[in-house]
Amino acid sequence: MTQTILKADNLVRHFNVGGGFLRKGATVRAVDGVSLDVKRGETFAIVGESGCGKSTLARLLMRLLSPTSGAVEFDGTDISGTSGKALADLRRDMQFVFQDPFSSLNPRMTVGKLIGEPLETHAPDMDSAARRQKVAELLNLVGLRPEHANRYPHEFSGGQRQRIGIARALASGPKLIIGDEPVSALDVSVQAQVINLLQDLKDELGLTLVIIAHDLAVIRHMSDRVAVMYLGQIVESGPAEVVFDSPKHPYTMALLSAIPEPVHAKPANRMPLTGETPSPANPPSGCRFHTRCPFARSDCETRAPQLEQADGQQVACHYWAEIAADRQNETRQAAPAPSANVQRRFDLYRAATRQEEAAVNTAP
Amino acid sequence: MLSFILRRILIAIPTILLISVFVFGMQKLLPGDPVLAMAGEERDPEVIEYLREKYRLNDPIPVQYVNWMGGVLQGDLGISLRTNQPVTELIAQKLPVTIQLAIMAMIFALVIGIPAGILSAVKKGTPIDYVANVVALSGLSIPNFWLGIMLILLVSVKWQLLPASGYVPFGEDPLLSIKVMLMPAFVLGTALAATLMRHTRSAMLGVLKSDYVRTARAKGLKERVVILKHALRNALTPIVTLSALLFGELIAGAVLTEQIFTIPGFGKLVVDAVFNRDYAVVQGIVLCTGVGFIVMNLLADAAYFILNPRLRKQ
Amino acid sequence: MADATATDPVLSAKPENRVWKKFRSHRSAMLGGILVSFFVLIALLAPILPIPDPAATDWGAVRKAPTAAHPMGTDEIGRDVMARLIWGAQASLLAGVVSVLIAVFVGVPLGIIAGYFGGWSDAVISRCTEALLAAPFLILAIALAAFLGPSLTNAMIAIGLSATPIFIRLTRGQVIAVKTEDYVDSARAIGLPTHKILRRYILPNVFPPVLVQATLTIATAIIAEASLSFLGLGQQPPAPSWGSMLNTAKNFLNQAPWMAMWPGIAIFLVVLGFNLLGDGLRDALDPREQ
Amino acid sequence: MNTPEPLLSVRDLSFRFAGMEKNVVEDFGFDLAPNETLCIVGESGCGKSVTALSMMGLLPSDVTNIRSGQITFEGSTFSADDTGRLAELRGDRISMIFQEPMTSLNPAFRIGDQIAEAVQCHRNCSKDEALDLALQMLRKVGIPAAEQRLKEYPHQLSGGMRQRVMIAMALVNDPAVLIADEPTTALDVTIQAQILDLIADLQRETGMATIMITHDLGVVAEIATKIAVMYAGHIVEFGTAKDIFEDPQHPYTIGLMSSVPRLTGPRERLSTVPGLVPTIATMPDGCRFASRCPFAQPVCNTRPPLTDLTAGHGVACHFAPLEDKLEQCA
Amino acid sequence: QDLRIALQSDADVLDPDQSRTFVGRIVYTALCDKLVDITPDLEIIPQLATEWSWSDDGTQLTMKLREGVTFHDGTPFNAEAVAANIERSQTLEESRRKSELASVTGTEVLGEYEIRLDLASADATLLAQLADRAGMMISPTAAEEAGADFGLNPVCSGPFQFEDRIAQDRITLTKYADYWNADEIHFDSVTYLPIPDTTVRLANLQSGDIDMLERLAATDLAQAEGDDSINVSSAVSLGYQGVTFNVNNGEKGDNPWGNDKRLRQAFSYAIDRNALNQVVFEGAFAAGNQPFPPNSPWYDAGHPVPERDLEKAKALLAEAGYADGIDLEVQVPNTTVPMQLMQVVQAMVAEAGINLTITSKEFATLLADQSAGDYTASQIGWSGRVDPDGNIHQFVTTDGGINDSKFSSEEVDALLDDARASNDTAARKTAYDAARDILIDESPLVYLYHQTWIWALDSSIEGFTPYPDGMIRLEGVTKSE
């Protein structure tokens, strides 16, 4: 058994778009040379600008899209060429949570059916009563009610649908889950439930997670390693704490500085990103970030940086060392903790909850 | 675009071959003897034998097919056993007639069917919906001949408004030509209108529930625009497929209407040819309709592209 | 979180029941159901209903307008129209329904295969469809009549086959649109075998237009049966069918309009019934519909 | 606190789904002045989106059933089920960004046309002018290569871009009220910040009032002037941002806020609000949160009214103010 | 003035030598003159031949021809032209007239306007043949030029010349100014429109779109007669309709119905021919039991149309060993009238214990099956010929070309051959009567009725004379404004 469960090698995926009958379309380089490897049991996060190719990358990893070039290896076997039965079997171990909870559920199937389906596919021996039971459990697990099994997707709110998607992905007992913004539509309390759940599964079953998310607090909370993407390429990756505490790539810095904090009256000190996001159909030459980088120098325009080792993380920037040195004193301010008043209420609440839970658990 | 068309033409060639082999084979398997049908009441055996030789009906079927195909490649579709006219000429004579009829019927159908379908979808469950449905379904259930004859009796005999039957070439007198075709086109169009209406209704019902229709409303668009632009456009996919198919069926299905209104079109030509086992004519017609279907399908596919941008990638 | 696992009656309330309940509360569907069952009942009960023999001729009462003795009048050779209508129900309903079923069961799977897989299978199926479309119905019918012999079953096969291409094309078009939906990807992502994707994801979502077309084709099929019986393929005289009654009536539209009227009305009602049923089914199967 | 003349106020809004016995949303109401931002937060599925839809007159009439409610907008008052009135306003005076970016754009039209259409139906201008405005708007929401995107179809855009198109479409007519249903959920933080700035700018320029539905308490903290916390169709707590963040009173609010993962400090297990929301059918008549509330007492079987604790800070809990009452109980 | 005539169907090739349809003959009446013509009473009268005479042994027919006649292309009509026409009819490979002129061995041009036909043996039917397509004169120049394609642009010498044809739509003829009898022709042009549906044909007449129509449906008669603006003319046709039994045609001939004449007699007795006429044709047609209609001089009065006799029918069946009934499958052309007819017959014979099943076939199939002997009984008829021989000889003589029944009787063969060779009407009649005695007994063909030609004309049309051959002769027909 290797350490690495999922490995991408120089993945490229291009889309031809805009070609009408007569016009020749442009080529969107949605994913343009991404290599990564995910270790068994870890949580690997991918963050990045909207439209930078995260979903495309995720679909490539899932083999829902076939790569223009490059290879994907799952559990030591190259899956770029698999199809049919072998691919279907693979999906017992590898599951996907779709980004859009609205369009990714078949409107004509009940939630029970939707969640029961992976079970039926990957555990055909299970009888229907057991399956219903399992569906009920799964619903419960993601904070929905077993009664909901008989309802149809359109009767649910966005967050509820997202949970259905998660339950569906969990059903077959996969080894790896790729989540494309799996908790984005959830309110924080349910989000917390789901994160805890995933954490538990990870601890108990050695589940590996690949998470795409925009909510960096969630990422920081959950993930072991993070990769930051910009315009179809990975610009920085490394252990979560390191990346969050000392980002090396200017884009990562900008990203982190833009996080709004759930505390009243905290002044935002964002690092401004100037300029327009370039189009993936026509990416800038050299370093793709140079058009918006506050630290850009003239040769950034011509020289494309490669990912290089930098203090335990990897960065694709020519001048990371200098920038880091510059910003030495500008360490991230710790967000102000909630006021004592609020903190006291939190404690009170937590205590009461724990009491409650204990009571439920000991009840016959 | 060009390569798309070229590819389709390349694909069309085997299709047409397939069609011609299929129909040729079928025809030859039919009971009944073309020569017997041609020989007349007296059925002189000598004449029969001569005709068999003349039209090479004694050759093995594959040989006959190859002979025929050889002619086709040189643009010769053979001659009608019944009237001795060249098949190309017959087709050239009849095709415009039927196309005119089909187009007019199609216009009727579209003009009646689609708005009615939209209306009944939008007003689902109201009396308007019920009335539209009942009218549409009766249009479908009333046989063409009945409607045709009733129209003739009423419009031509009683009110003397339109000619009872016949045909005037469009080039000769466009207005009269259209006038003469009004009733047949209407008769032919009713069933189609019903079909289109029902499909439009169903497709619209589906689309009206979608999120983007809600978005359109949220923009503050007039309900009319929401329905006619945003909803209809997306409901059109099945309707377009269907229209293309139905147009083809129209040409084939015009038989009865042509019969009643005595329109010298394709439909009647096919039927007579089949009944008289006028092989060359049947074969020529089938070739022609085959091409027609291919063109219609091509148009339908092109319409898909236009209507559903999602298909345009790659 | 522990409370809800060991449940409960709700879990066994099958969604099928919901569909059925919705269907039952659908007023026009029920009307459709009543219409269709009425005719089915008539067709089944024809032998025991107190009506004259449908083949019994009465030279003294040829083409007589409706009277007490013949509530729907008599036909061109003095047979009771009502009796013929009732006896004809069976052939007509069979012709209508069975041939449509044939067309649906052949056409829809082929359309799905062509649309979903594209490529070669699409090319082959589409080309054959075009060939079938281009072949005149008449040739098909006469050939079948000659080779299979004259029977209602063969007529149904002929009608069914000739209606098939439209279902293939219709389904194919829908499938092409549906297969780009995210939820189809989601089915692939859980590793659902293709046949199940086709059955659960594609089929239900392409079904509405097919349903509409099917209910409409019933009308065409009933009428087509008559032309086939004239070619010696369908119901042979004196056994009645609505289509052939109409066909005969054509020559007497002036003198005996009722001969065309009754079978016409019967066809209309049956078609209406099936269409209403279809609408009801469509609504009941569409979860977004209340 | 001096309250300016409200631009939009909603009173007693209640509605339910067809065939259900209880209201999904009950007694919903608020006042909103120009320039203000009302954030609605709450349990997912608690009825935020449907409430927003009801204010647009866009609830599907065959499935929902408005039981009561008045809306006052720019001085005139009308019933909440007066969809005709709402139809006149929407898209122009009140506009909305939907939660579903993927399906909310019409797949058959270019996005430029879809935005331009919104302009043209409320303003007298040419197609080119409208397209131009659309282009500017797309730039404002930060869509890269806006000229080209203008001519693209929705399926060619990533989720985040579609969301921005929706935002552009809603903002293009300078509405007086913007209802935004999770507008930045699909966006990364830099673009989120950009959008929030954009909205803030517009508010400053035009006095637009905003109703923002979001789960991101960070966003709430940043932009809210007023916050409504909803649970199962009820407003359980209402107040200014300061009230809610510094003095949360309702147990649900507290539970919610305590489950937020932190950007700094140790990564400990997140606290949650245990239990499940009851379905509408099994919803208790009393406090709807009671079944999950760690402080619940028998008194919670009656419904607590939303009562003002301080001016403008209302809580629907029998135990507010929390500490005092709890101590009493203990 | 244009005269618009609706026909029941479209004509086939417009070449008298190749033509085979009834409607085609209607068009020729205006297009092509014949050597001789007939009166409504079926007497042969001059047309292009002004007088003729037979040699004593009946093997030579000398004809004097009309002078000053030209074909539409200007070619003069003369004895050479007649010779060329006869030769073409006999030698053109596609010619359907060969059997009709089989007895002619050669022609001899005796003068510009005199010609002699030499016959192998006496042939009483020849003149009647010359009164029909075999006697139609076409322009030899045009025929020479066009060969087998003559029909695309026919050139004859009739009152009207070919103008234009759109298949299935119309055939237009215009008046031929140099017609020898031009005074009798009162129209500038005549248009023939095939309108297959009888109701629609009538509707066209009522709406004024056409001036006259042929073959009004018997069931529409009452309505047409009730309409003041429409006149109706009728004549009983020369043809018949009946049921042909397979007596000896291949394997299928070996069946009870083919083997036992009693069954066929029983079938005939079981039918009430008058009722049949009443029910299906409102009594407008003529019941019949012979190849000639009852009003024909050739009708055998010794065998009048039998009354229905169920008892006798049953007795015959019992005698043949089918007291409990017997099955009979009849093939019927798939058009309304035959179907209706057979259904009535079906009901009638059922009462005698004959369980008749109807198999409807489209005509080409039916014909093929019939000539191949793949049938038990077949409902079919004959459009009729002026000479009695044409209605009987080929159907029942052993080598008859259309003897699909394959009935064979030396006696009948001899009688009919004799009748054919004699020019003595009385002697012929005796021979036919004698043959009838046998044929009625054997009943290979059971005759049912004779069609009546019914024409409906706009009341402005005058001078129309109905002929039993169903043709529309336009001499003397006028249209008042």
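Which chain is which? They are A, B, C, D and E, in the order written, and residues in each are numbered from 1.
By our rule, contacts are C-beta pairs under 8 Å (C-beta built on N, C-alpha and C of every residue); 3 or more make two chains touch, one makes a residue touch a chain.
None of the values given here were measured: they were computed from a predicted structure.
Fewest steps needed to get from chain B to chain D, stepping only to touching chains, is 1. Chains A-D form the pair with the most C-beta pairs in contact. Rounded to a whole number, the gap between the C-alpha centres of chain A and chain D is 25 angstrom. Centre-to-centre, using mean CA coordinates, chain A is 91 Å away from chain E.
Chain A and chain C have centres, each the mean of its CA atoms, that are 50 Å apart.
For chain D, residues that reach two or more other chains under the stated contact definition are 100, 102-103, 155-156, 274, 276. In chain C, 1, 4, 142, 146, 180, 182, 250, 253-254, 286, 288 are the positions where the chain touches two or more neighbouring chains simultaneously.
Residues of chain E in contact with two or more other chains: 197, 199, 362, 365. On the side of chain B, the complex with chain C involves touching residues 11, 14-15, 18-19, 22-23, 26-27, 29-32, 130, 133-134, 137-138, 140-143, 145-146, 149-150, 153, 191, 194-195, 198-199, 201-203, 205-206, 209, 237-238, 240-242, 244-245, 248-249, 252, 270-271, 274, 282, 285-286, 289-290, 292-294, 297, 300, 304, 308, 310-311. Within the complex formed with chain E, the residues of chain C that make contact are 55-57, 59, 62, 76-78, 142, 146, 150, 229-232, 236-238, 247-248, 250-255. Note for the complex: chain B touches chain D at residues 209-212, 214-223, 225, 230, 233-234, 307-310, 312-313.
By the touch criterion stated above, chain E contacts chain B in their complex at residues 10, 12-13, 18-21, 93-96, 98-100, 148-149, 151-152, 166-170, 193-197, 199-200, 203-204, 206-209, 362-365, 367-369, 371, 382-383, 394, 401-402.
The touching residues of chain D, when paired with chain B in their complex, are 56, 58, 60, 87-92, 95-96, 98, 100, 103-109, 117-118, 121-122, 153, 155-156, 166, 169-170.
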